[in-house]
Amino acid sequence: MEKNYAKPGEYTTLELMAVCGARAIKNGEVVFVGTGLPMIAAMLAKRTHAPRARIVYEAGFIDSNAIDIALSIADSRLGYRASAAIGLIETLGLLLQGGRVDVGFVGAAQIDEYGNINTTYIGDFEHPTVRLPGSGGGNDIVSSAKRIVIIMTHERRKMVKKLDYLTSPGFLTGPGAREKAGLLGGGPSLVVTNLCQMDFDPETKRIRLATIHPGVTLQQIMENTGFDLIIPEHVPATEPPTYEELAILRAIDPYGIYIPRPAQTSSS
Amino acid sequence: MEKNYAKPGEYTTLELMAVCGARAIKNGEVVFVGTGLPMIAAMLAKRTHAPRARIVYEAGFIDSNAIDIALSIADSRLGYRASAAIGLIETLGLLLQGGRVDVGFVGAAQIDEYGNINTTYIGDFEHPTVRLPGSGGGNDIVSSAKRIVIIMTHERRKMVKKLDYLTSPGFLTGPGAREKAGLLGGGPSLVVTNLCQMDFDPETKRIRLATIHPGVTLQQIMENTGFDLIIPEHVPATEPPTYEELAILRAIDPYGIYIPRPAQTSSS
Amino acid sequence: MLVEAPVEDKRITLKEAAKLIPDGAHLFWGGFGFQRPPMAFAHELVRQKKRNLTIYTCGSEMDIDILAGAYVASRFELAFFAIEGIGLAPNIQRRIREGAVQIEDYTNLAMALRFLGGALGVPFMPLKSMLGTDLLTKKRFREKKAEVITCPFTGEKVVLVPSVRPDFSIVHVSRVDKEGNAQIDGIKGEDVEGARAGKKVIVLAEEIVDTEFIRSQPDQTAIPNIYVDYVVECPWGAYPMMVYNYYDYDLEHIRMYYQQCKTEEGWQKYCEEYITGVEDHMEFLKKIGFERLLKLRAKKPFPY
Amino acid sequence: MLVEAPVEDKRITLKEAAKLIPDGAHLFWGGFGFQRPPMAFAHELVRQKKRNLTIYTCGSEMDIDILAGAYVASRFELAFFAIEGIGLAPNIQRRIREGAVQIEDYTNLAMALRFLGGALGVPFMPLKSMLGTDLLTKKRFREKKAEVITCPFTGEKVVLVPSVRPDFSIVHVSRVDKEGNAQIDGIKGEDVEGARAGKKVIVLAEEIVDTEFIRSQPDQTAIPNIYVDYVVECPWGAYPMMVYNYYDYDLEHIRMYYQQCKTEEGWQKYCEEYITGVEDHMEFLKKIGFERLLKLRAKKPFPY
């Protein structure tokens, strides 16, 4: 069956990012997500190609089938038709650290070229400029899930040579470093931004450009990246959302809580 | 109010032992017991002087108010009007090792003069004569409860100079040894047998005769004890059961599952 | 012949409960995210002008932002704080910049295990997070934050985090009997472990139920009476956050809080209007309004 | 537009479940004392002549005595075995004397924590039992049984016990849906931890229920589907032991077993009559008799 792709202007960048996130989930996988875009992405995946994906929220909701958008990972909305509602040690300890989570979604205030993540401080540790929310379960997820999808905004101050604080472990200093540190999980596998998708070079474990979003130039990406991005010879364009994906996406978040509707965001 | 004691011949030795066990429980205490005589003792205590005692069974029953006699510590009978029914880590870990159990009751196949207990092997470890049930939760209870009551039969082969196997820690090699080993609980405080009650000398931590059961001679006790028992100058007689205690006791175990009725055991 | 035990009555008022907390005390702080935070207790600590508390929690939000804003808490050991889905916690940000608040950072799993370790009576718990990161090495006020050891069985690296036994555990639950047997509907977050970690435990509940109701279904008890020292009846005690099966959050109020607290003046105004300016929790609820609260009630079969 | 997920069906028969276990496999063995032992599964392992299994459990009774008697299991890591309230486990005693069975001794807490450690993905768990005793030092077949370390935070002595991740976890529960979401009434013993420790998990249940029933009360789920590989409907699967809210034990049968198994001949006779001599679990139940089973049903409000 031929795919019926939406045209530029018919979808927003946030919608494209949610679709990219959803496509990173395979059917039957155990998916660890937080609130925001990852939640929308996981809900979209379950309603399209991955109906048997099981969504876990660290507060204790397991195999959630929420039909309403939640503001908090502890939101009662996430308990709707869940397999189980337990607690943090269940989700972060027994499921995640126990090796049963296939893919974890996290955000980042900064990442470096090895996919290491900062969600704690901006500025010097002794005299920080901004205090961010901290690890939460982020470090746990990135430490132990089989693979990690990072969703974030693509800005030069966020894609940095050196993190202000290393909250969650990417490939640390490069090949073998995770294993040497004693980490269980597979590390980051995909970075979805508003400009492109990036993966990791299997040899060097450094971030590599994977696909460029429609309408974005390579120049734009390089200007907004503070580290040396690996750029392969041929970089395909990101597959746009289909009309079906967009329709489902807009039904998931009808009030535009996480993804403002195109009409509301004509500037995007 | 004057106590109305039963006369010799009106109660059995097992009944006296159950009464001794019950009296070792104070009102409001958290009591860790197993099946058999300790269960009967705890049920008696709750129905007499210690109505607020809270009985914990390691299988997971907490603050049990059973009205029927159970055969197993996991017996559903123990769930009747309990505060909670959870599991082993709750009872042995969070309650007991967490420091919340006042008194634990255990049995013993052998004890030595420091109150160390064997419930694992009789004979040499490499070629044992009898394999006993093992620690179960016994070692956990004796390691971590604030004090321990041991209930057992008084025989020379059971009150030994040297254990065949040290399953549960009494005072180990004497004063300071429990602390040095890193143990949390207070150690044994009372031994109830069919001949007498014994406690522990605070200085030497060795077993000391406390009270002699009505009709038993010192000679009998010494003949049936394989280690040097500390015998104070004045050893009172064990306070006999009251008629009230006996009536309640017989109502608790009406079919004589753990305490055969006097009529059925005229030889005792 | 059966002598029935008189049921022990551990009920006290919210005011009495807060009075038990001395300045400088260490508290396990229950609830997770928007779910069952002891909001009414936070308000009462502010009213009683408590100072210099150390708060242990996994992830908390408006509740601990209020404790920081009112200078009630000066130290936190935690994994996360924000007004989730809305923005950074405004008061804590400001107090950190002032130097009035210090944060020792762990992960959610590390904190939950630290509570479990405290509850279990062991001095540490093992985990496989924090390895290779600044969480392991950068410290604020703890002398020892975490240690890496080599497993004597497998040779692998394992992080040990120190157990926590705070002076008090504060948890807000669905229902409790007057003896302290508590049920928690929905997710438990880290409250099961946290409620067992404290040296003294105060359970606040949406409602007090008869002990026979609890005892007719003992496998529903999340916190047995043995752990619990005090019980406080505290309906709508997590408002404007949520309680599973009871009520939804009041998003409008939370957003108003967030906007207003972006400035110190705004926070002072909020605090005066909703916390110090009202006599107690009931007056606070009356100020919010009965009609508004009723609209937030959970609509079956949904737990929200 | 909502595409509903087809419910995954993990149901297999008891025979198929037992066939999955290869000779020499390591098994977590669920149930505690007289409560919910996987008795029907033990029978089927005997019928299929499995050999050389290693069994991990806290305290088990007639179920593991049968596994030892029939030479199905040769090694046990456990804390306790007996026919509680009746006497020593007769077959295990005999097999130990023959040298056909070896026991590595731990405590109940140590075993439960070993399962928790395996489930948590850490190689050990800390505890404060076993200190100063032969449990720490005397070993049968494990190279490393337990290690004492000095706590890096407090300086106190702590025992580390090695985590267990057996090839299979076998648990018998109250009810389960065909996806593997399981509820357990009453006490859970060590089954919550044990069910999460196995590399493959087989859940046997008194009854299979619709997944919507499970999902209407997610806080009642003791074992979520993510952990579970196979589901077996197995009514009266713990007989002659008990299942909370379902049925009482058959004391007469247990006593008969105990008396008869005091001799090898008696055990062979029992095994032939009740296990190998019947085709399957249903034939076993028919042999016991419908009337006898009905009399054992739990009588509300009692769970027995």
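When the chains are written out, they are named A, B, C and D in that same order, and each has its own residue count from 1.
Basically, contacts are C-beta pairs under 8 Å (C-beta built on N, C-alpha and C of every residue); 3 or more make two chains touch, one makes a residue touch a chain.
Predicted model only: the values in this text are computed from it and were never measured.
Peer 1: Common contacts of chain A and chain B?
Peer 2: C, D
Peer 1: Just grab the chain with the largest centre-to-centre distance to chain A, centres being mean Cα coordinates.
Peer 2: So the chain farthest away from chain A turns out to be B.
Peer 1: What whole-number Å value describes the gap between the mean CA coordinates of chain A and chain C?
Peer 2: So the centroids are 29 Å from each other.
Peer 1: Using mean CA coordinates as chain centres, what's the chain A-chain D distance in Å?
Peer 2: 40
Peer 1: Centroid from C-alpha atoms only, then distance chain C to chain D, rounded to Å. What do you get?
Peer 2: Comparing mean C-alpha positions, chain D is 37 Å from chain C.
Peer 1: Two-or-more-chain contact residues of chain C, please, as numbers and ranges.
Peer 2: 120-122, 127-128, 156, 158, 186-187, 216, 218-219
Peer 1: Which positions in chain B touch two or more other chains at once?
Peer 2: 61, 79, 85-86, 89, 93, 97, 144, 184
Peer 1: What chain-chain pairs meet the touch criterion?
Peer 2: Final set of chain pairs in contact is A-C, A-D, B-C, B-D, C-D.
Peer 1: Would you mind writing out the residues of chain D in touch with chain A in their complex?
Peer 2: Per the stated touch rule, the residues are 1-6, 8, 119-122, 179, 181, 196, 212, 214-216, 218-219, 221, 224-227.
Peer 1: For the complex, give me every residue of chain B touching chain D.
Peer 2: It is residues 35-36, 58-61, 68, 71-77, 79-80, 85-89, 92-93, 96-97, 116, 120, 125, 128, 130-140, 143-144, 165-169, 172, 177-178, 181-184, 257 of chain B that touch chain D.
Peer 1: In the complex, go through chain D and note every residue touching chain B.
Peer 2: Residue list for chain D touching chain B: 31-35, 58-59, 61, 78-82, 84-86, 88-89, 92-93, 96, 103, 105-110, 112-113, 116, 127-135, 138, 148, 156-158, 186-193, 242, 244-245, 248-249, 251, 298, 302-304.
Peer 1: Using the touch rule from the top, collect the residues of chain C that touch chain D in their complex.
Peer 2: Contact set of chain C toward chain D: 117, 120-128, 144, 147, 149, 151-154, 156, 158, 160, 162, 185-187, 216, 218-219, 301.
Peer 1: So in the complex, which bits of chain B are touching chain C?
Peer 2: 30, 46-48, 51-52, 54, 56, 61-63, 65, 67, 79, 81-86, 89, 93-95, 97-100, 144, 184, 247-248, 251
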